[in-house]
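The data blocks that follow each hold one structure.
You will see chain A twice below: alongside chain B first, and alongside chain C after that.
Showing the complex of A and B:
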């Protein structure tokens, strides 16, 4: 019997991808296609006084120049989906103001350069802490403009209670979340050690290699078709229906193969392309340039975290007190303050806590999600202070964490009891690693740091279809977007459930007109939710198979087994039929058996949190302040590794992004709110020489309700990686950095202050 | 004014009409439908558009189509006959050297360039050769392993 679960196999889409055959969103051919280029705001906060489009319209090849008034939008809401082009008020530099549509990309670009926008500057809000103070200028004029359904897709955490502020705050503070229990002051008073600090993380860009791209057209019957690089087809359909006042069944969203997304591809690009296509009645493609993507899309929020924690002599954690400020940019609808104020507690038990999160408007971007949104910043603060607490108490840092690590049934500060979680297991695994034992024997300037990161996972109902053809091959149909290799996991789940070789399973990712429902890909929920639906669909198809085989072989279904595509009697394998033979008897004129098909659904309600522990080994150059990560070890609880090669791929990819957080990545604005980092020249993501060898330790603590015990694993590996590198720098130099990224200048300054 | 150029793409002589400012990557994608060369940035940082020009890896966004007049160009589509894989492609499949796949054609063509100059590169040489090809998914290690495996397969 072919072993399927737990066996490394190549991705099923690998042959297409290595031959250039995969059609990404910018690659498909559409008859009569027009190309679009955006005109972006040069001011961070302004009123639009006039837009002169005449010179642009005169460019040969330009078909139209569209402004907000030209788009058939249907609501007054002021979120990015509902207001794809700024109507009156511009709230960040880079906000789209007009779309130039032309026969070629080059003509569109020529036209865009000639659109003259007259802006009346308003006060610009760039400093998130100053923005909170009473009397601060407002980042956007007050409106009722919330809207959209994009918050709930990212994580299965609640969003705390709306807090009555104890301090006077400006109207820029749109979100206030408070989580508290017990007497924190008393907990600190009873502590043997209390440490605190203020931690800053910048705006960070998802840096998917494929810039955001969408193509939209109307079919002759009026259906709006949108072919796009998105993480969620159904959520995009709903968002477009809301934006343009269309019934959902008049919209078909086709999620093309994704060239990376990491949380950033949600309903920003589609309203622009669809609005232009609806306005013009012709197909329009908007494939962003990298600079347009940097300027106009949705990186993740900058955060400021004031954190204070304490512990008893024996290392038992006592109080957790946090004040977390999340820079929403100009996003009025929702913020990450709910998620990050929950995750700052880490996977640890606390006697008392008082955590307040603020979501504050500024004139920087509109924020979006990026792999574990709100989590790396929270872990940076907490895991740094845990090391300081361990030092103050004279305890081993891993021992301190182990003493407080949550187990199933412990209640998170969100109030939700933890489901099965391998926090203890990953810490024990990382403690056994020789690098930890060798940490005191390293050369001068080197150090090893430890940190933990976790992610709660997420849930959303989903369905899947399983179909078996006459040739004995299987097709799995879902509407999930494959962001991380989930299709290959679906094939393994279906093959193992049904009794087929995985090579005989193909996976079709359907569009919103033809596929069963699936939520967006994000929040580490696809394998846990859609994967469970796939398992049930394959099981339902297997019942059909056994019913037909039972009649043919005259053996009760319970006495049959399916092995590698053959149905046979248990204990008498000679009495058998192949899956192909049975399917052929069903799929024919006058056939007597139902097609070998199944439909499966899932509505997971249990959580499946994932947790990872990291060891980072760094070398710091005291003369230049440069930090090099020499080696990284990550141990993650993955539930069950359906395909270990893909699991390791997620772990390594997460760590590599963590290296970017720790050392390189920062979106910077000038004092007028204009972005300074508008390309990969100014914004450096780690290249092959900057990412070390990453050793992966797969820890399997099965999720009771996951398919074969699997859980979502995409987000957890990034969360603790930056903190581990921060703690390694401290181990190497004694300097504790409170701001990311740890650029040479910041490290050098920290070392310089230390020795002065 | 469009100008006519002739070049040899994946072994076949091709004639194209391009504007003087048209970049080679756009000529390949829009003119010949060779969409395996991807556009990932505007500044020649990412390497997703890498092709071979006269056997050397070139970011096809750094070259005007006119500059490729008469040149022999190999794109990812031309590495192996339909239905077959070049040993470097095979190595990337087997060693999990890709996730989203957007950087993959560029990685593979840069690997071919490397192995043509250095058939037995060590890890540092591989990482150095790939430093101009960005990947956001894999953490590079499986790509490095794929290149090592390809070197061994070709030796």
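Showing the complex of A and C:
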């Protein structure tokens, strides 16, 4: 029998991707296609006084120059879906103001630079802390209609209580979340050690390889078709319906193979392309350049976290007090304060906690999600202070964490009980690693740091269809977007459930007109939710198979088994029929059996958080402040590794992005709110040269409701990686950095302070 | 990412290129690793691009106690030029190896890079420290310009209108010499936050810095703390930090050059 679950196999889409055959959103061709280029605001906060489009319209090849008034939008809401082009008020530098549509990309670009926008500057809000003070200038004039429901996609965490602020705050503070239990002051008073700090993380760009791209056109019957690089086809359809006042059945969203997304591709580009196509009645493609993508899309929020924690002499954690400020940019609709204020407790038990999260408007971007949104910043603060607490108490840092790690049955500060959690297991696994034992015998300037990160996972109902053809192969149909190799996981789930070799399973990722429902790919929920639907669809098809086989073989279904595409009697393998033979009997004129097909659905309600422990080994050049990560070890509880090759890929990718958080990535604005880092010449990401050797340790604490015990694993591995590198730098140098990324100048300054 | 419209001519000879470059708003294209990105961003928008790519100006020749490096010699070729290493000219390979990425080094040329005169470019420091001379060719004939006279400021050189760099002359230092180039680079661009080139000969040392000001800066007294040198600062590396880095790279470049001169390092 072919072993399927737990066996590493290549991604089913790997050959076409590595040979360059995959057609991404910008590669398809549509008859009569026009090309669009955006005109972006050069001011961070301003009123649009006039837009002169005449010179642009006169460029040969330019078909139209569209402004907000030209788009057939249907609501007054001021979120970016509903207002793809700024109407009156521009709220960040880079916000789209006009679309130039032309017969060629070059003509569109020639036209775009000739559009003259007259802007009347307003007060610019760039300092998130100053923005909170009463009387601070407002980043957005007060208005109705924030709109949009994208928050629920990202994580299964509650929003906390709406907090009544003890302090007066400006109207820039749109989100207030408070989570508290027990007496924190008393907990600190009883502590043997209390440590605190203020931690800063910057705006970080998702840096997907494929810039945002969408193509839109109308079918002869009027249906709006949008072929796009998105994480979620149904959510994009709903957002387009809301933006343009169209019934959902008049919109078909086709999610093309995704060239990376990491949380950043949610209905931001589609309204621009669709609005232009609807306005002109012709197909329009908008494929952003890298610089446009940097300027106009939705990186993840900067955060400021004030954190204070305490512990008893034996290491028992006592109180947790946090004040977390999330820079939403100009996103009035929602913020990460709900998620980050829940995650700052880490996978640990606390006697008392008091956490306040604020979501604050500024004139920087409109924020979006990025792999574990709100989590790396929270873990950076908490895991740094846990190390300091261990030092203050004279305890081993892993021991301190182990004494407090949550176990099954504990309740997170969000109120959600942990139905399954492998925090203890990953810490024990990492403690056994020789690098941890060797950490005190390293050369001068080197150090090893530990940190833990977790992600709660998310849920959303989903369905899948399973069909078996006459040749004995199977097709799984879902509307999930494959962001991380999930379709290869679906193939494994279906093959193992049905009794087929995984090579015989095709996975079709359908569009919104033809596929069963699936939520967006995000929140580490696809395998856990859609995977379960796939399992049930395959099981339902298997019942059809056995019903037919039972009649053909005259053996009760319970006495049959399916092994590698053969249905046979348990204990009498000679009495058998192949799946192809049975399907052939069903799929023919006059056949007597129902097609071998199944539909499966899932509505998961239990959570399956994933947790990862990291060891980072760094070398610091004390003279220049440069940090090199020499080696990184990550141990993650994945529930069950359906395909260990893909699981390890996720772990490595998370660590690589964690290296970026720790050392390189920062979107910076000048004092006028203009972006300074508009290309990869200014914005550094960890390239292959800078990603260290990464050792992956898979830990399996099965999720009771996950397919074969699997958990959602995509986000957890990034969360603790930056903190581990921070702790490693501290181990190497004694310097504790409170701001990411740890650029050479910041590290040097911290070391310089030491010697002063 | 599409350049503004321009006309294009592929030069068939140096004379043909010079003739074409007489046109106003024309620009010579060598490897294109600086010019093309500027054009794609529409920061540079020449009317007329004269492609030098087919001219036979690549290669390394030794004559009269000096090497002549053809202007179109790529960074990659220079990073692998063994003969230079044996003559105390290791700084050239050090420098070439650290420029851009492999694709850039395969296309980018020494003549184009020097004539572009980016203030953070690596090679200008090496050119000044090693006493390189640029051969400028024009309708009037040929002249040589010492590197120390060539760089006038950011993106500004002593090349006159109608002049083209055709070669770079590298004087070979006396036996017992060694050189090195050391930089601390911006993690995104790879350009130097501070870079130092040092040449150590039996007669003494010569050092130049890059990345800290509007062009390469000769360092008269490397031991003297660099207090009197004007240093530029930005958001990523402020003035104090950059001055400190300059001291570090000067010391490291000198140490390595000295070790090479004394045969203690390769």
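A few points about this structure:
FYI, the second predicted complex is superposed on the first by the 756 of 756 C-alpha atoms of A that agree within 3 Å, B and C clash if a C-alpha of one lies under 4 Å from a C-alpha of the other, contacts with A are read in each partner's own complex, and residues count from 1 in each chain.
Just so we're on the same page, contacts are C-beta pairs under 8 Å (C-beta built on N, C-alpha and C of every residue); 3 or more make two chains touch, one makes a residue touch a chain.
Note that this is a predicted model, so its numbers are computed, not measured.
When both complexes are overlaid on chain A, the residue A:13 reaches chain B alone and has no touch with chain C. Shared-chain residue A:680: touches chain B and chain C both. Of the two partner chains placed by the overlay, neither chain B nor chain C lies in contact with A:322. After overlaying the two complexes on the shared chain, residue contacts for A:23 are found with chain B alone; chain C is out of touch.
When the two complexes are overlaid on their common chain A, residue A:360 makes contact with neither chain B nor chain C. Of the two partner chains placed by superposition, only chain C is touched by A:748; chain B is not. Once the two complexes are overlaid on the shared chain, A:694 sits against chain B while remaining clear of chain C. Set against each other, chain B and chain C differ in how many residues of chain A they touch, and the higher count belongs to B. In the superposed model, A:626 lies in contact with chain C only, and not with chain B.
Contacts of A:579 after superposition on the shared chain: neither chain B nor chain C is touched.
When the two complexes are superposed on chain A, the residues of chain A that touch both chain B and chain C are 105-106, 289-291, 680-681, 685. The part of chain A that touches chain C in the complex is made up of residues 105-106, 109-110, 113, 289-291, 623-626, 663-664, 668, 676-677, 680-685, 690, 743-745, 748-749.
Taken together, the chain C residues at the contact with chain A in this complex read 1-2, 4-5, 41-42, 184, 186-189, 193, 235-238, 241, 244-245, 248.
For chain B in complex with chain A, the touching residues are 19, 21-22, 26, 29, 33-43, 45-46, 48, 75-77, 79-80, 85, 89, 92-94, 96, 98-105, 108, 126-128, 130-144.
Contact residues of chain A toward chain B in the complex are 8, 10-11, 13-24, 26-27, 29, 105-106, 206-211, 257-260, 262, 287, 289-291, 483-485, 645-646, 648-649, 652-653, 655-657, 679-681, 685, 687-689, 691, 693-694.
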